[in-house]
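When the chains are written out, they are named A, B, C and D in that same order, and each has its own residue count from 1.
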């Protein structure tokens, strides 16, 4: 038995060993992660920080990258918005496209890849059959036509001039909500509708880079409608300026991550909290995989900010993190 | 609302959207993953398969790679052994070294990397202070000396000739157990002791590639003791041959993964179930990251085998998988 | 010696073994890669396809993601533009910001991380000293102030209304060129200037998500200047429509990759050639790491298109690919 | 133009921008990488260090993991051995199995995956047709039978007792050489034969974890032949002890990497040089992806050692590194 003098290079608590049991709660599991090392320790740390961020005084800027809505994270995010845990959402046109498709009754599908591996469908065949693939999620192309109808019937008529992207998305949220209720669609109203109801702004800096953007462009060809690429920046900057305490939740990388972080370059302050869930490798040198420490060199995070990065698939880690933080915050 | 005719390329169930709530159990969470796509769907699928494998009739060959014991997975694995859910364990000398260090009262530590990032200790300094680092897990080097004493006092004296690696590790398990109880060490007895008690064989094909192997080699220099590199292969082959139904659990890659899989090249049958938890990229072309489909081309998996790969940190996914399968199996 | 009957599942040529020799050319090396398997085979395949794309009849849409200009790829891309091998460039505001900083005499720096590891500079210290870090590339913040001056003195005065992003970037290229020549800056004129001279359009769908975008926004606050988010989409769609044969070069993922690919959703045709250099993992489900086969399901690639993905750091693989294709095309 | 005072946190040389040209040599290309950042800078650094290691006074311990021989790297490694640039090779049974298959006239094949993607062969079909797949490399199973004949006819008869793994592999190298010459096989004699001729030891710590190991085990069932798992450790330790200056080249991770590094735990010294080519992610916590800085904490690298890690596919980076270092060393 050694009698160890505490050493400066160690945390005060030695590594324990994670226990699991039938029926344990997600909060229990994350507490057990705290005993372990490697990535489990990071997830525990992130849950600690996110639990603090659920506190009302923290303004949460939430970045939601690419395929999270078609990947099944729509309700997790919509519920956070509804419960007041998101103050600004930065996302992609793709997420909003797929969110609207579900709001009006469309469905994404699990790709059928039978366990015996004999029937892996080829992308050529999908093309022939009019099915778009997003990794293991399949979407029949007819939903894009129904989405176009929705925009032309319910969204564009309400806008007759150049607006900010935020204002355009707000109209989309309103229309999703109305259509969802009118048609009594069982699936939830979704992210844009929740943001509309809760008056939470959604920023989509790269909106033209999506089916939503293509539809907006097509409509702009025959109308006075257009989108101002710069108009939302004052809005998000003011929001950051007004925050007593600010936190960033970054699900995936890309433009949503960078835009959430760069907002702090427009004001004197920086984030006090940041949690990042990513599979992007740091070594690309790109922003998507960049550490939060790198963000500190730019002044996007306070030097004293609490931050954690969880490396792993966000469809796994986001529900885990949110369930644990909600259990703790209760 | 579209009236969709079912299509061959879709699973019958559309993608739903994962819901989370405060206090949900890990089994609830994994059930919710089943609604989602991308990696969450894989984890749900793996839990389904692993729940079937917990059935008594399936012989489970469990591969446990590198840093899982110092990373905190010692109890999860030891409890599975104790509860009869592991029929053969293939692991590394490193895992057994760290397992023994804990059994005799040593501790690993969380590296102190303060949240403000100012005090990241340098590896040079760790070297000066006699601390070995395994990613974010730190171990004072004096534990290796205590481990050497343990081997020389309690393990080697019981073996006086050339033995198989399995027999050597069995003695280690016995010694860990006795020493752990004699010293009343609070931390659990560990993996090797659990395997000794449950009479589960542990195979360590690359034992010389570890501190345990170095100690064995040093002792062999002054004694008749040695290890037969080939002797365990009949044992594991017989075990596989005798199995009515066989399943592989692969935590990480490396030799444990390959050895578990290649065992099926020595008998006419192959695995009926396989679950792999890995962060190794497939594109290296190496076995660690290879898909289980590749194993099928070699006849290591039955053509009809159920298999799933979960990409992510095993310190996160292993406890999650085990807790969910235990809840379901209950 | 076996007398093998050719089998359908094999390519006609067996795997050879790569030879290397002192003084071999990059073209020789890539030819040797063609003998090997795993990633070397992919790089050889990509070089074959890219050599065909250097043919004049192929319209090349080039996506250049995040950190490639600060990472040192500025001349490689600018020279391709100058030599007529790029018909449209889609990139980020960040790349254009760093391109302009170099054009007006600023310098990026290799971070000093001495080989003995003793002096790893901390991001907190970098913050104190006013140095921004991009992975291992460091930039003193004063260059951003000089960049702002450049925009205010040489770019914004030429634009007095709402313009498309492409038109704004064209003015930046012109100003970079003039300033670079006037100041006799040794470093090349760069990407935007080359595109200006060669009359190649640059599209920046997410321009607000960059320092360039922040500057544009600040200027818009006190002027009639603004940017139309949708105006470039007709331009790029027309360009794709007019192409006899179209090829995509995708360096990194993000918005540049998606925007290059989605352009084909606006016209009846699709890409005939595509080469992708990426480190983004497919398994995120995100578009950055998506395979080009997935793009085929959407109709972004022709079913018969030739395509290759090279997994690896683009600062290594882009110069390698370009040097080899230039040698072959000669 | 700024007049920058040199700062401590910068390297003295600013980042330049890589130029490429038709016909440039691989050495030219790597020199150009030295101007760039991100991974190109690492490759340049690694080439610098490896060029120094080609100096005769440095003893080179070379770790060669998994699929490198079937992947096409057989000649690159064999030529380094022949030219005196490898003093000890640590590799896997798999590499030696595939090396011998080629030495006696067998062939690996590029998998046929046509560019239009219509004919992706399924692993089930490969199984039916008796073809084993290693990522994109295919091998007909009959070659394993011919390999077994080779061992039984030419290798095992020469050994009648328990030997070290090194001695066994030396006999394999001799037999490959003789058989290759007798049959006049066009393909080179390979890695084991080159090591036999140059009297370079090959260590295979996990030999039982391979088809070569399975064959050895089967032969041991009916003979006095066996392999001593510990016997080579004195040999490699002595070699390290005798080295004036020692360098590690680590191609891939796994047991070869760990065994090369751990050798320094058995002597007072450590590596003076280390170059690592890997795609394994650091964040697994496993040794395969571990940084060389971590090795420094263990005393496996000298505190003053020069070391570089190149992240990328070794079938691409190994030939690139070797060609560049050979050109420079000339």
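In this section, a contact is a pair of C-beta atoms (placed from the backbone, for glycine too) under 8 Å apart; a residue touches a chain by one contact, two chains touch by 3 or more.
Note that the structure is predicted; figures quoted are calculated from it, not measured.
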{"item": "Between chain A and chain C, the fewest steps along chains that touch one another", "value": "1"}
{"item": "Chain separated most widely from chain B, comparing mean CA positions", "value": "C"}
{"item": "Pair of chains joined by more contacts [C-beta pairs], C-D or B-C", "value": "C-D"}
{"item": "Inter-centroid spacing, chain C versus chain B (mean Cα positions, whole Å)", "value": "42"}
{"item": "Mean-CA-position distance for chain D and chain B (Å)", "value": "26"}
{"item": "Distance from the mean Cα position of chain D to that of chain C, given in whole angstrom", "value": "33"}
{"item": "Shared interface positions of chain B, touching two or more other chains", "value": "37-39, 67, 71, 116-117, 123-124, 126, 131, 134-137, 281, 283-285, 293, 296, 303, 311, 313, 315"}
{"item": "Sites on chain C touched by chain D in the complex", "value": "1-2, 4, 7-11, 13-29, 32-33, 35-41, 43, 67, 70-76, 79, 102, 105-112, 115-117, 121, 125-126, 129, 131, 134-138, 140, 142-143, 146, 183, 185, 187-188, 293, 296, 303-307, 311-313, 315-317, 319-320, 322-323, 326-327, 329-330"}
{"item": "Chain B contact footprint on chain C (complex, rising order)", "value": "37-39, 116-118, 120, 122-124, 281, 283-285, 311"}
{"item": "Contact set on chain D toward chain B in their complex", "value": "65-67, 71, 94, 123-124, 126-127, 131-137, 162, 165, 205-211, 213-214, 216-217, 220-221, 226-234, 252-255, 258-259, 262, 265-266, 279-288, 290, 293-294, 296-299, 303, 313-315"}
